[in-house]
Amino acid sequence: MSDIILDVKDLSMSFFTDQGELPAVNRVSFQVEKGRTLGIVGESGCGKSMTSLCVMRLFPSPPGRIVGGSILFHGQDLTKLSKKEMRAIRGKGIAMIFQEPMTSLNPVLTIGKQLTEAIMAHETVSKAEARARALHMIDLVGIPMPEKIYASCPHQLSGGMRQRIMIAMALSCKPDLLICDEPTTALDVTIQAQILDLINRLKNETGTSVMMITHDMGVINEMTDTVLVMYAGQVVEYAATGELFSRPSHPYTTGLIASIPSLDREEEELNVIPGAVPMLYELPEGCLFCPRCPYATDRCRKERPELSEIAPGHQVRCFRYSSDGKEERP
Amino acid sequence: MKKLLAAMLTAVMLLSVCAFAGAENAKVLRFGQMDAKVGYDPQTNTNSGATTTEDCVVEPLYYWNDQNELIPLLAEDFPTISEDGLVYTIKLREGVKFTDGTDLTTDDVKFTFERMFKPETLAKSTSMYNMILGAKEMLSGEATELAGFEAVDDYTFKFTLVSPFSCFHKNLGIIYSAIFPREACEAAGADWGVKTLIGTGPYILKSSDATGNVLVKNTNYWGGDPHFDEIDIIFYDNNNTKLMAFENGDIDLCDMTSDLFMQYQGTEVEELCHHFSKLGTYFFVTNNSETFRGEKNPLADVRVREAMSLAIDRDLLCEVIQNGLAVPATGMINQFQLGFTAREPYEHNLEKAKALLAEAGYPDGCTITATIRKQDEADTVQIQSDLAQVGIKLNIEIVDAAVWSSERAAGNVQCLLQGWFPLYADADNNIYTFFHSDYSPAKSCFYSNPEFDALMDAARLSTDDAERQKLYEQADEILSRQDYGSIPLYYPYGVFAAQPYVKNFTVGNLIYHVAYDIDYDMDIYNAQK
Amino acid sequence: MVNFLVRRVLQALGVILAISLITFFILNIVPGDPVQIMLGDLATPETVAQVRAQMGLDKPVWLQYLNWAGNMLRGDFGSSYFQHRPVMELLLVSFGYTIRLASFSYLLAVTIGLAFGILAAVFHNKWVDKVLMVLAVGGISAPNFWVAIILQIVFGLTLKWFPISGAKDFSYYVLPAIALGTRYAASIARITRNSMLEVSKQDYMRTAEAKGLRDWLIVMRHAFRNALIPVITVAGTDLGNILTGSMLIESVFQISGIGKLMVDAIGQRDLPLVQGGVMYIAFICVVIYLIVDILYAVVDPRIRLGGGTRSE
Amino acid sequence: MSKSKKINSQSYYRVSLAILKKNRLAMFCLGIVIALVLIAVFAPWLTPYDPNLNDVRNRFKGPSWEHPFGTDEYGRDILTRIFYGCRISLSVGIVSQLLASLLGYFIGVFAGYYGGRVDSVLSFLIQVFSSFPFLLFAIAVMFILGPGLMNLYIALGLLGWTSTARLIRGEVMRLKNSEYIQACIVGGGSGWRIIMKHLLPNCVPTLIITITMGIPRAILSEASLSFLGLGVSPPTASWGAMISHAQPYIRKFAYYSLFPGFAIIICVLAFNILGDGLRDALDPKLRS
């Protein structure tokens, strides 16, 4: 068992608004192993980005607050750290890149400045050394003429190049974990593939583990080792990627996989999961997926199922699977 | 080496101390006033603010002291006037020097008057002297020499007038006819009164800028030792700031408006406030022409004008609005003027006023418009309230000084509040220049009464003061009691503030003569410093 | 960058020319005849006409304008009707006072304004934010001449901390600078706060935090640098207003600056002085707008290197 | 390209109202503004005294029961004059800003919508009028038009429009690129119809904000003009005129200058805070 660098147990985070407490992240648990990629998937608004922000403690603190659980990073519980200690980890221990490359770089500072700034925040190095490191990172992420890019400004770069710079910035201090929050959603398909290959290449070269957040099952299939499927703030299925795609158990997961348009199957209609993700302030009584679940039973409507292990390393939150893992037909 | 350095240091210290000390006990008078912003050439401006400075530097042939008496200054004595009153022979005082060292001679007098009548000088007060023979010709450019001036010798000269004018030598007592040194004035050219001003006066104009003027003692002044080493005239355009500066001890003397005096009544500053009588009269000018702006002008009817006079409460104006700094007027000529005679005060009778209005055809009153300046607002608003009680609705339009003087000159004003101040104590300069039918239109008054004009002209010609007194009495009776050409309101008093150590200072008429009698009581002065 | 400058300078000259035309036209239809005032009570119609002819005021308006413009291009602004001094000399002297007053109050306004704005943004919705913003709004709401009078009485006369009038040295400018500066400190504080708040919602702020930078570095280098652009616009126009709007403060504190010179000149209808003064002020305003544009380019590379569009 | 949908006015303004309601300070100031308007309208019924009748015998009476704010130099009741002054100041503020916004809107819209040469000419005009020394311009205009309330409206209206024009121009240029307006243009809508029917509703929020922020500036300008003696003609009461008349008596009768001063501050403060509240509620950018 390669050692676990990030162990999240029963993490819960809520927004305290005038409509009451909204549980954005509801008792989520998962682990990230060294050198491996964990994928978190779900429709937008299911809490997957919020979970990653909890790890980095970057969620907007006045309304939002962690209400339970722990985040162990190399055995250190991040929820207990002071602002100063947390700051030391951000960018050094754990790094993050975001969805919108167009607006994620400071428009009035040069690329070089924003890169060296990240390096010098964590290591006491001379300007020249930081500059050299930055140039090396630009080259590492596959951008030609690093000198020119170093001196230019964000608005002179394309979306793809800016995302590469974000990756260079994130990896500049050799973090143990790289969190990617839908890194390719805003890019067009050809660039998307290049970015994903880049992330994989760097992962293998530097041994960084990756936490990939996306709503695209194709990215999950290609990039991740284990998968966490989230729905309305809760984990509904957690398994190895291969296991998940071969034996999708939770109705939501099967629905997700079924809705991937495939070239070879001749279907007129794309099958779609009816209904929409419930609002946090109107969560249904029983199982959260119940209103949209084709197998919904009375029990589903009244009780809320627990996560149960139906196979080694494969957990599902659904009454159709009793604790011994057999699939019960209604 | 160190000892040498120490010695040098102490020497420098000593030097600076005494230099500082020297300036320390210099007797400096700091006078606060408005910035006239018109330069300091007495011929090209008639502003009383500028006169205060000019008065210390240049001197005319005679001068009006603060007791309103005419005293020979650069002239040795009063002029000998020929039988027909046309030729004035004047002898200059000898041995008088300008501050640039040149001697005062007849040539300087000739130069001064010819400069006044040159068209390009744009002199403002030529109307007071253009009765000299040849003056009008020079003004229209036909002549370059003043025919009516004859230099008998270096210190004697003769003026020949076009027609007799009893007040001619009185006009020579006004600063506008101050004598300039030919050399210095010609050399300065357009900068005369701007960058340089040289005269025979007790002080020398050392510097003049936007913050104020500095005048230093003319050590070899011919008329005795001036009282101050230096006079600083400091500009304060805002009266409140000026009075605060006075209370703060930044200035020693300044004038004061009546509304500000109100503020100091009952405080310890009141003892520092001194009253002085002014020679002018405040009156409510009424446009007597038949129509005004195309419509029938109610003020054309004497009964309406008399009704207004009856409606206005003069006592209230003097006691309250002017804070006791005025006396109700009984005629147009001021109480200290030649030509004044005591009459019983104007009646304040609303019923009689209403009756007169009804008789004049305005039973339910009429509407008239007053065009006034900001400083006349207080009185006019009170008059507006008084007139309202007899049914006369007075609209008030406040305009700025420029619009006011243009509209008034164009005869486009129906009624206005006016203070009219003569330059010296003589009725001619007081009412001739305002109510004579030649001058009245340009004052939007349009008063014209041949009998009144005849009396005024006769008084101008006669040189016997007793006779002139009778003529002016009759003229004033017609103007202010029969015709009600305008409605006299009150004779104002002025007030100025002076620090406790200032002594024997007073103001004769309008001008603050800071170079005449004013002095410091040194023991109070040193005690306070 | 060069053609950007050239285009702006040409536009600036066009603006100054337009302003000179408008001013000349307005001054001619403003009622009140300077010669009438000059001659005062002793004026008779003939002397008025004669003087007007001598001063060339009887020529048609456009001819007068051409003469004036011709002289102006040669640097001769004519001389004041009343003070008989060249207009340029009067303007330079009074501008000296205005510059001192304006720079003191502007320095005060910018330092306090930025400090209040950043503090209010950093402590958003806490009591610091609320107090500072009420103070800022209060600063804008009080008429500055009224504040000037009260400061003059309280701190000048009764407490004698500062001189009440005049302009000899630094201490003379403290009260006027406070009276004049508070209003602009308030407006800069408000615009800085709002701009900082808007910027703090941007994605690159989250990136900066994700990099683990220290707080003040995030606030100053990332938030403030971006928030500066709208602040520069306001600060630019404020400087223009301070230079021209200080006439009330100058009259209360008896500082003979350009504002007071202009008000008195209009009162006397000293046309060359007013015309010269307005040109001078317009020139300053246009130069400030130019500086603001250049500052934009310095602060925001998207403009300097072209490509980006500057939002109005 | 910004993706601003056609503003569905009902829901937009209902949401704005909701946001505004949450801002307690702005609602409090809205209350003040409404109170001021009521005072202005019902001034005659609020006080027994005639604001213009001189009763010089009891001038400068300090604050007392009959005269809560004391009397002025003509013995007129200051509280009454502040009520009537409220009429002047509010009407000056509101009317001049309506005029300025009207002028600003049309010049801004034409510049923004037609672009090209029209834009450069109008922007040049905006640049010229904003480089003009504001108070000097007002003084000159007041001289030309002469004293009086109507002229005050026009003078302040003529001067305040440049900032509105610039804002509207920016707004329209942004809106012009949105698909929604492009659709209208493609659909053959005439320029005028688009400006009046489509652009106007979108600009109304900006106009509301500029008017609310413009009113306090206009009130302060009226005070400055009155201080220079160019405001309304006597005996009409305006706050600015009261302050300038009170100046000579400020040390002995401070209340005469303080009460109108506070009246101006409260009125201007209320409008400013309300303006801020409206901007937060109405400005789409700030509503995230």
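A, B, C and D are the chain letters, set down in written order, and residue numbers restart from 1 in every chain.
Keep in mind that, in the parts below, contacts are C-beta pairs under 8 Å (C-beta built on N, C-alpha and C of every residue); 3 or more make two chains touch, one makes a residue touch a chain.
Note that the structure is a prediction, hence the values are computed from the model and not measured.
Novice: Measuring between Cα centroids, what's the chain most distant from chain C?
Specialist: Here the answer is chain A, farthest from chain C.
Novice: Comparing C-D against A-C, which pair counts more contacting C-beta pairs?
Specialist: Ranking A-C and C-D by C-beta contacts puts C-D first.
Novice: CA centre of chain A versus CA centre of chain D: separation in Å?
Specialist: 52
Novice: Round to the nearest whole Å and give the separation of the Cα centres of chain A and chain B.
Specialist: The separation of the two C-alpha centroids amounts to 91 Å.
Novice: Could you put a whole-Å number on the gap between the CA centroids of chain C and chain D?
Specialist: Here chain C and chain D have centroids separated by 22 Å.
Novice: Where in chain B do residues touch two or more of the other chains?
Specialist: Correct list: 240, 400, 403.
Novice: At least two other chains touched by the same residue of chain D: list those residues.
Specialist: Each of 143, 146, 247, 250-251 in chain D touches at least two other chains.
Novice: Could you check chain C for residues that touch two or more other chains and list them?
Specialist: 31-32, 149, 153
Novice: Pull out all the chain pairs that touch, please.
Specialist: Every touching chain pair, ordered by label, is A-C, B-C, B-D, C-D.
Novice: In their shared complex, at which residues does chain D touch chain C?
Specialist: 124, 127-128, 130-136, 139-141, 143-144, 146, 166-167, 169-170, 173-174, 216, 220, 223-224, 227-228, 240, 243, 247, 250-251, 257, 261, 264-265, 268-269, 272-273, 276, 285-286, 288
Novice: Please give the residue numbers of chain C that touch chain A in the complex, ascending.
Specialist: Within the complex, chain C contacts chain A at residues 125, 202-204, 206-214, 217, 221-222, 225-226, 299-302, 305, 307-308.
Novice: Spell out the residues on chain D that touch chain B in their complex, using ranges where they run on.
Specialist: So the residues of chain D in touch with chain B come to 52-54, 56-57, 59, 73-74, 143, 146-147, 229-230, 233-235, 247-253.
Novice: Quick check on the complex: what are the chain C residues that touch chain D?
Specialist: 11, 14-15, 18-19, 22, 26-27, 29-32, 137-138, 140-143, 145-146, 149, 153, 190, 194, 198, 201, 237, 240-241, 244-245, 247-248, 259, 262-263, 266, 278, 281-282, 285-286, 289, 311-312
Novice: Tell me, which parts of chain C touch chain B in their complex?
Specialist: 31-34, 36-45, 47-48, 50-51, 54, 82-85, 93-94, 97, 149, 152-153, 156-157, 160, 163-167, 251-254, 256, 260, 264, 267-269
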